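Common to both upcoming complexes is subunit A, partnered first by subunit B, then by subunit C.
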Partner chain A sequence: MNRYATIFATFARACLVRDMTFRTNFILECVTSLGWMSMNLAFYLLVFTFTAEIGQGTGWTREPFFAFVATGLIINSIVQALFMPSAEELTEMVRTGGLDGVLVQPLDAQFLLSMHRIDFSAFANGLVGIGLLAWALKSIDRAPHFVVWLLYPLLILCGVAILYSLVIMLAAATIWMGRNQSLYDFWFYLTNFSRYPAEIYAGPWGSPLRALCTFVIPILLVVNVPARVIAQPLEGQGWGMIFAAVFAAVASLLISRIVFQLAISRYRSASS
Partner chain B sequence: MHNSNRLGDAPLLANRQFAATSAPLIAVEGLAKEYRVYDKPEGLLASVSGLFRRTSRLVPALRGVNLTVGRGEFVALLGPNGAGKTTFLKLLSGIITPTRGTASVLGHVPWERADDFRRRFALVMGQRNQLWWDLPAAESFRLHKEIYRIETTRFERTRDELVDMLDVRKLLLQPVRELSLGERMKLELVAALLHEPEVLFLDEPTIGLDVVAQHTLHRFLSHVQTERQMTVVLTTHYMKDVAALCQRVVVITHGDILYDGSLDQIVDRFTTHKIVTLDLDHEPSQERMERFGFPCEIRGPQAILRIDRSRIADVLPEILRSETVRDISVEDVPLEEIVASLFRSEAEIHTRESE
Partner chain C sequence: MIETRSNPAVRWPGAGLRTWWMMLVISLEERLAYRGDFVLGTLMRFLPIVTQLFLWTAVFSATSRPDIAGYSRNDIVAYYLLTMVTRAFSSMPGLSGGIARSVRDGSVKKYLVQPVDYVSFLLASRIAHKLVYYIVAALPFAGVFFLCRHFFPPIPDALTITSFVLALVLSFLLGFFLEATLGMLGFWFLEVSSIVFGYMLVQYLLSGHMFPLDMLAGIGTGIPGLSLADVVRWLPFEYTAYFPAAIWLGKVQGTQLVYSLVIEAGWVIVMAVACRIAWWRGTRRYSAFGG
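== the complex of A and B ==
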């Protein structure tokens, strides 16, 4: 385990050195993603000039909703920084045969392929997320219980684990298909569902969608569970959600591991 | 998954001990690999219908190869493009799984990808880049140290030794993307040898290199191989690589082994004639030179004859008597030519078979 930590640190160090070599590119990446995020936030502010609450009786008034958005920013920035660049590169490695070099190394291939590339600029959004969360919690004016302070980071990790499993399964699919350029698009469509409170999925179309995105692809548990825990009072049914999130995280990790192992055992390699 | 460690199945302890001492490092039996390829029809309409129904066929890349390699051997795999050389190396390094057959490398089934196996060999592909592209090689070496769990003092000793041998110390801190192909290849080799592998697979390591760089790599590889008693399997298209490095040559065409033996024997076995070059004092006529009974090529005052080896002792005195010869040389057919004709004749047999 210690060895994997050292290797991860080596990757992180190398990526940081590289990011700093192409400094302008790094700054531009930070600026674009911060810009995109601010536009989104402005849009939400605009929405709240028309309504006080998203969905009646859901509790998602302005400040709690911004705590929700902040939670999403934090989780997404972790995934974008740690796993997304590697997953994208995996599709390229399958196409060019670069995966060969990984498979001969005495190291867990999934570990190497999911975290060898880290995009530090993606952490910028996460930092803003933390700031936004602090502001929202201060405005809500209700100090969260200390249990919440323990649960929140755990549930953030669960959210990251669920998203990671999805990313790595999508990336593993490229090993089968030889090429999968729609990875990023597919990822975007999927995570889009996780960006809003689960309560908005109601009615004849919404409810089945909500069930699908909770039980089949547990994408709705990613942001909703930690956000609800931190932004709203913890009640009876909240605990059910928490267990569901933990269970979904463990299950997705296991399934993604199986899918990944199966995929690399089927690897065909590209021509030299 | 095949469990092909046949040596481990020996029933008697005595047998087992015998097997352990005389065991080949690489043992391959009936190794075959087929790829399923999908036909991509031409034309828009056909492409669209291909979305729903695709026709596929199995293409054999390797057809049941048998081979054993002992410790410390330096073996060259020769063959035309698409002969199955690289597929063979990929199977031996566990990158892909075979369709049939067994293999044991260092006592392991390669495609089970055991860490203990992967720690003991290295693969260098001339056309691929294993080092971090945007970073200095020193960073990649550091990562290598962690991945292969090389102890610090050993790591530093090996690295310094290799780096000095190839004279690349000044390149260590330069980003890899700024290096020339030759320089990069040297660093790739250093990286591959840092963990002191017992078996080294080289896939066209000298491809695209200039003569000086090729020569440097030859000297380096031959030195390291002898010093460490490393087992090396090399694929190449350059006869110079083979002549400089390998005692043993394996010719693969169409997924089959066509020849397995020493380089000299290739010449003995596959050629019937020698090449005799005569420098004359004037340009000879074609007819005059062909009267000796062998094909002849005239290049200015030079006549190049292909004379049967069995007849050379009779014919040469005759030529020297009747012609004014300024200089003469008798040579074997160049290896390139022999190997090329081997590839060709095999290809012809193959097309005839499939017709």
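== the complex of A and C ==
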């Protein structure tokens, strides 16, 4: 385990050196992601000029909702920084045969393939997320219980684990299919469902969708559970959600590991 | 097979048309190779609208307003679906980057020696790209619109439909010349990705892609009597998403509709001229080395 931590630190250092070599590019990438994020925040602000709450009686008024958005920013920035750049490279590695080089290394292939490239500019959104969370919590009258402060980082990790598992399973699909650009788009569109509180998915179409995105692909647990814990009072039902999120994270990691190993065992090299 | 004419000065009638036709056919064949990916990609693009449908349903459930900026919940959903149609006309993925790349790697020089006009070639291949897209995307679009038919108001009269189609065609031309001009900046800057990003950001926000622009009517600019929506109305962006959708939904009517169509046509002319000037001036300062 220590060896993996050392190797990960080496990867991180190399990526940071690379980013700092092209400093202007790094700043531009930060500005890019901050630009898109600001636009979304502007949109939410606009929505709240027309309503006081997202969904009647849901408790998602302006400040709690921005705590929700902040939580999403933090989780997504971690995933975008640590796992997405490596996963995106995998498509080309399968097609060109570059994956062979990874498989002969005396290291776990999943570790190497999912963590060898780190995009430090993606952390910019996470930092803004922390600032936004601080502002939102300050504006909410009720201070979170100290248990909440212990649970929140744990649930953030659970959210990251669920998204990571999804990325890994899509990467495994790349190995199977040779190339799957659409599936990465699918990741983007799928995670789009986690951008809003689960309560909005109601009614004859919304309820089955909510069940699907909670129990089958637990995408709705990613942001909803930590955001609800930090922004709304922790009640009986909340504990059930916390257990569900922890269970979903562990199960997702296990399933993604099995799927990835299966995919690797079916890999046929494309190189000569 | 393309027949290259060694002497462009000796041209038979209809030769230009034939070149255009060949460029169109080549691009059609190129695009049809990935039709399966197209269908899947098209269907997935509707997924964010599902989220918007539930979001706005939740917003309306928490407010006593019957409408927001003149839009009922159904109007808003219909609006998002219609902007998908508009964006299918006005979005030009890869155009700016492709032009800048051809300047950077020198491949643009073949258009300087061949009797083919680069801008016309790009336009023909873009028309082909769009035609294939519409042929393949027609089915998923029709399916989604049929399923969502109850969100739409009754089908408008023939004049409104004609205006809608005209606005769509103009939005295609506007999108093309806007992005082609951005790409031509590659003659000066080589790498235009930051400029394109800045454009995309402004375009996404001010085109009405995110929300109906009428919602900006209540936001002031600091100048008495002038809202943000009034300012946006004079910019070219709203014609690439908002305007055609607003025509179909009856949000722009009568003289306002005529004025807006004239402004849209004006922007198409301005950008076509800007694109042509950028090409002329760019090629004059362009230098390529090697084979």
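Here is the rule we go by: the second predicted complex is superposed on the first by the 271 of 272 C-alpha atoms of A that agree within 3 Å, B and C clash if a C-alpha of one lies under 4 Å from a C-alpha of the other, contacts with A are read in each partner's own complex, and residues count from 1 in each chain.
We take it that a residue touches a chain if its C-beta (ideal position, glycine included) is under 8 Å from a C-beta of that chain, and two chains touch if they have at least 3 such contacts.
Quick caveat: nothing in here was measured; it's all calculated off a predicted structure.
Superimposing the complexes on subunit A yields a three-chain arrangement in which subunit B and subunit C fit side by side. The superposition places the C-alpha centres of subunit B and subunit C at an angle of 90 degrees about the C-alpha centre of subunit A, rounded in steps of 10. After overlaying the two complexes on the shared chain, residue contacts for A:Ile54 are found with subunit C alone; subunit B is out of touch. Of the two partner chains placed around the shared chain by superposition, subunit C is the only one that A:Gly203 touches, whereas subunit B remains out of contact.
Residue contacts after overlaying the shared chain place A:Phe193 against subunit C, while subunit B stays out of touching range.
Contacts of A:Phe43 after superposition: subunit C is touched, whereas subunit B is not reached. When the two complexes are overlaid, the chain among subunit B and subunit C that reaches more residues of subunit A is C.
In the superposed model, A:Gln261 makes contact with neither subunit B nor subunit C. In the superposition on chain A, A:Thr6 makes contact with subunit B only, not with subunit C. In the superposition on chain A, A:Ser139 contacts neither subunit B nor subunit C. Applying the stated contact rule after C-alpha superposition, one finds that A:Leu28 touches subunit C and leaves subunit B untouched. No C-alpha atom of subunit B lies closer than 7 Å to one of subunit C in the superposed arrangement.
In the superposition on the C-alpha atoms of chain A, no part of subunit A is touched by subunit B in one complex and by subunit C in the other. Residues 37, 40-41, 44-45, 47-48, 50-51, 54-55, 57-63, 65, 68-69, 194, 197, 201, 204-205, 210-211, 215-216, 218-219 of subunit C touch subunit A in their complex. Residues of subunit B that touch subunit A in their complex: 35, 86, 90, 93-97, 113, 115-116, 118-119, 121-123, 125, 127-128, 130, 132, 134-135, 139, 142-143, 146-149, 175, 203-204. On subunit A, the positions that touch subunit B within their shared complex are 3, 6-7, 10-11, 13-14, 17-18, 21-22, 97-98, 100-101, 103-107, 265, 267-269, 271-272.
By the touch criterion given at the top, residues 28, 32, 35-36, 39, 42-43, 46-47, 49-56, 58, 181-182, 185-186, 189-190, 192-193, 195-196, 199-203, 206, 209 of subunit A touch subunit C in their complex.
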